[in-house]
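In the two complexes below, chain A is the common chain; its partner is chain B in one and chain C in the other.
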Partner chain A sequence: MVDFNVETRENSHVNVVNLHGYLDAHTAPELEDVFTKLIDDRKFKVVVNFENLAYISSAGLGVFMAYVETMRENNGDIKFSNMSPKIYNIFDLLGFPLLYEFYKDEKEAVQKFNEKS
Partner chain B sequence: MKTANNIFEKELVVKSTTDNLALIRDFTKSAAQKCGFTEETIDKIALAVDEACTNVIKHAYKFSPEGDIIVNINVNHSKMTVSITDHGSNFDPSLVPEPDVKKYYRQHKIGGLGIYLMRKLMDEVNFNSVAGSKNQVVLVKYF
Partner chain C sequence: MHNILMKNILVKKLFHWSSTRKLQNAMTFSVILFLFRLVFPDNLSYSPFFVALSEALVILTFYSITLYIIDFIEEKKHSPLSVILNAGILNALIFFVLSVISPVFNELFGSNSNGGFIYSIAAIFLAFLFIVALSYNFSVFRSLFFLKQKRNPSFYFNTMTGFFLACSLASTVSFLHVEFGDFKTALLVVSILLITINSIRTSWIAFLTKKEKKYLLIISVVLSILFGVNIGLSNSGNLFVTQALTEFSPALHEFLVLMMSYGCIYFSVVFFTTLFHMPTAEAFDRKAQEVSSLMDLSRLMTQVFDFKELAETVTDITMKVCNSDSAWLISGEDGDFNLSAVKNIGYLEADKITDTLTKSYGLRKITGVKTISLEQLKAGNSTSAGEMPGTDFRMLAVSPLKVHDEINGYLIAARKSEDAFDDDDQKSIAAFADYAAVAIENAKLLAESLEKERMEKELDVAREIQYKILPDKTPQIENLQVSALFVPAFEVGGDYYDFFRLEGDRLGFVIADVSGKGIPAAFIMAEVKGIFESLARLIQSPREVLIKANEALRSSLDRKNFVTVIYGVLDLKSGTAFISRAGHSPVLLVRDQTIAELKPCGMGLGLDFSSNFSNSLEEIQIKLKENDILLLYTDGIPESKNAELEDFGYERFNKVILENAEGPIDIISKRIMKEVAIFSQGKPQHDDITLVIFKWKNKFNKSGEV
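Take a look at the complex of A and B:
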């Protein structure tokens, strides 16, 4: 059973992280590894595409909290796109909309980065 | 909301490893489905139970894989009660402050989100701890 999968690609000089499956305390370390590599490669502009994510727990949300400041300190950010209402509700319960930008689709989130630069 | 017309009790005992979280969620969802909860409520209960068990693995057993997590589900005419018991280190949830995402951002702090989520997702969340013996989290959802 593939319970979680994460892949990265570039879209107009922005790094897109695609999430698939179930993101919990078991699978969150895989996502941490991806963010660590992005920082090592000095890739600070990140859009996380949630289209294929079925589930998230606070262990998954914690990953975004742990890495966002490094991205912002380096003129980047972590922006979210394609989130289902079910997943958005969890982010909303924890107050994430105060500190993170959410976009309906990936293109819009990528454009937002390119507007600024 | 359809009222459950069946009364039942189920128990799952698993080792304290994160790869068991999916199994624990499936066990919880299948019981919640039998109660007639909506899909949305079933997802909330499964997430709350995941958060409770994640806390047990991280805090009570400190990632040691040898501990037991006992998930007991009891359904009666009015509610579904999920009790999560462990025999790890004592844990005082009253010491966990309500998270403030802005403050977390400034302090680079993560964690503490699970208990807050559990309280938001369930109707009741109670912690019982017997020093040197067991910790128990009791999650309740009314029909």
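Take a look at the complex of A and C:
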């Protein structure tokens, strides 16, 4: 199996979550842990960078749905960036663009956060 | 050959009589002896032949009774102390008869031995009493002699018994011919020598517990004195009982002297042996207990997989073997310990001690067994001294539970005294900790395999639910060919499709994919089916149906769950399809060798419950033409993967569809599945695959406009 891994880093007061590999029902809990920790640390401004993600399943999509509300309630958000067309197509079919902000570039997404505040 | 076998059986029969048979023999000889002596009461008045006959009868009676008694003693030989105690009581009786009854009888009959009938009756009864008592003694000595002997020492014992017999018979001869007295004395000396040599075989003492040894020390000193006194009494010629016994059978009297000597010597030896064993008794006890505890534990390990039960046993044994006042096990991560099998100490107290140990010593530092003084901990821990529990315990021994160099807990033994746990204690605790570690590991592995089994069961259930929910046949419609294909993944994926015959010659159709897998997905699927079954009949517009479905699912969907759906209604009269899409893969329309994606706007059910959802939702209308194909699918097809983790993709998908669009629609779905199978090269399918195909046939339509 191709592994999945996730790392977080800070970029101008915004938390960037980098995804690598395959995000499915078996690896989704790893990402859930990351989001739980962000909320525990009261870090609500999150940009998820999809540059290195190869695959996402419905369970992977569910992770963002589970946490976005908490982020928004606390003046934060989950924004997506650097998605390949294939991955974007999945999000698009589902109707995510109606509810989430997508950016070509991580910098753009971070800027968007800092503009607001 | 046959003869030898017969002979063996015969010999066995002769010498292995049943106990009733032995009793019968003993009774028979006793009665013969009794009658014989009743008729011929006075040994001295008859010829040597009568004396010899009488002695032979005495020996036979003695032998038969001994055979009977030996069986009894053999049964009880595993508790030698009780056997010895019984023998002691019997010999106290002999002492009583010799010392108390004798003077009474002396008074009754005077010193004259020719007392007539009553005298001879009394003499016979006394003789029988002694025969029984001596055969009991003899049996006890024999059992003790053979007890816990590794090599068979029967040669020594048989030789000694032979000399006993010779000495007894010599006594009879010297009774008639006094000049043989020296010969008898010589035999007696040899017998006593043999007794002394044989008395050294007392290895059974080592196997007694310390308590039993103390007890034996007292019994053996009492018994050796008792036997000594009995020798003296039985040798004094002016006592009535000795006199009567000698006259009845000199051999029996001699045997009495020999047995008393044996007892005196044997129990003296036992006394000293026990005395020398005393200092090591405790260590021996402990080793024995340790060995039997370890044996118990290893037996338990193979039989019991319940960690709790094993933990209880481990702490129990630790307490017993290591002389500690209490013991408990801790397992889990540093700082988050679980206490289990807490023995002889309050849970809270044990918890506090563990806590103190963790804070002021640091359990991680303990990689091998260690003994720790609580006092020193207190002293070295001045900051939290106030928190120290008021506990009676002073000394701790801690051993890690290690499996494959990984520590997953600790075994703790505690003492109220200030004595440190010595090397032996520590070794035992380490050994028990190892057992506990393996037990924990086993319990963990078992739980894992149970969990796996449970998951497989769950999958079976989910698959069963899914099959029950899906329609078992496609609707039969004149002007519409309908094909449906469903291939489940190993882990149930939550695909659902259905058809509804609606009023006004309409057909409702739905294809859905529930996020997630297994039982939770299967349950949501069941709910989705219920929702569409009812809404399809109530509401005409697919868009409205999806809006209501989203509301209906609000309460049962987790935040992270969603359902993608395509719901459509086909007017079978006009060939018009009304289709709405909620986040699902688009419908493919195949017309004139081209594929068009029908992708009305709409987000998945469960993504949003505000007006965003209904605002986004569109409904499209398609007028079908002759041979138009509508193809609905779940993402299991384009996302099927090969060994290189490449997707089957839309290109291959579209190609197969177009290649087969002309033929019957069942062939289309078969070809698609075949291509997917060829592509994935045996890699297991990771998601359900569902494919629903419609082909419109205008010509059968009565109101049709071509």
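Following the convention adopted for this analysis, the second predicted complex is superposed on the first by the 115 of 117 C-alpha atoms of A that agree within 3 Å, B and C clash if a C-alpha of one lies under 4 Å from a C-alpha of the other, contacts with A are read in each partner's own complex, and residues count from 1 in each chain.
One rule holds in what follows: a residue touches a chain if its C-beta (ideal position, glycine included) is under 8 Å from a C-beta of that chain, and two chains touch if they have at least 3 such contacts.
It should be emphasised that the depicted structure is a prediction, and the values quoted were computed from it without experimental measurement.
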item	value
When chain B and chain C are modelled together on chain A, clash or fit	clash
Touched partner set for A:3, first chain B, second chain C, both or neither	first
First (chain B), second (chain C), both or neither touched by A:54	second
Contacts of A:39 with chain B and chain C, given as first, second, both or neither	neither
Clash-bearing segment of chain C, relative to chain B, as chosen among 422-430, 440-448, 602-610 or 620-628	602-610
Footprint overlap on chain A, where chain B in one structure and chain C in the other make contact	22, 24-25, 55, 57-59, 61-62, 65-66, 69, 86, 90, 93-96, 98-99
Chain A residues within the chain C interface of the complex	2, 22, 24-25, 54-55, 57-59, 61-63, 65-66, 69, 86, 90, 93-96, 98-99
Footprint of chain A on chain C - complex, ascending	491, 513, 515-517, 558-562, 564, 582-586, 599, 601-604, 606-608, 612, 616, 635, 639, 645, 647, 686-687
Complex interface listing, chain A residues touching chain B	1, 3, 22, 24-26, 55, 57-59, 61-62, 65-66, 68-69, 86, 90, 93-96, 98-99
Chain A partner contacts - residues on chain B that touch it in the complex	18-19, 21-22, 25, 40, 43, 47, 50-51, 54, 57-58, 99-102, 104-105, 108, 110-111, 113-114, 116-117, 120-121
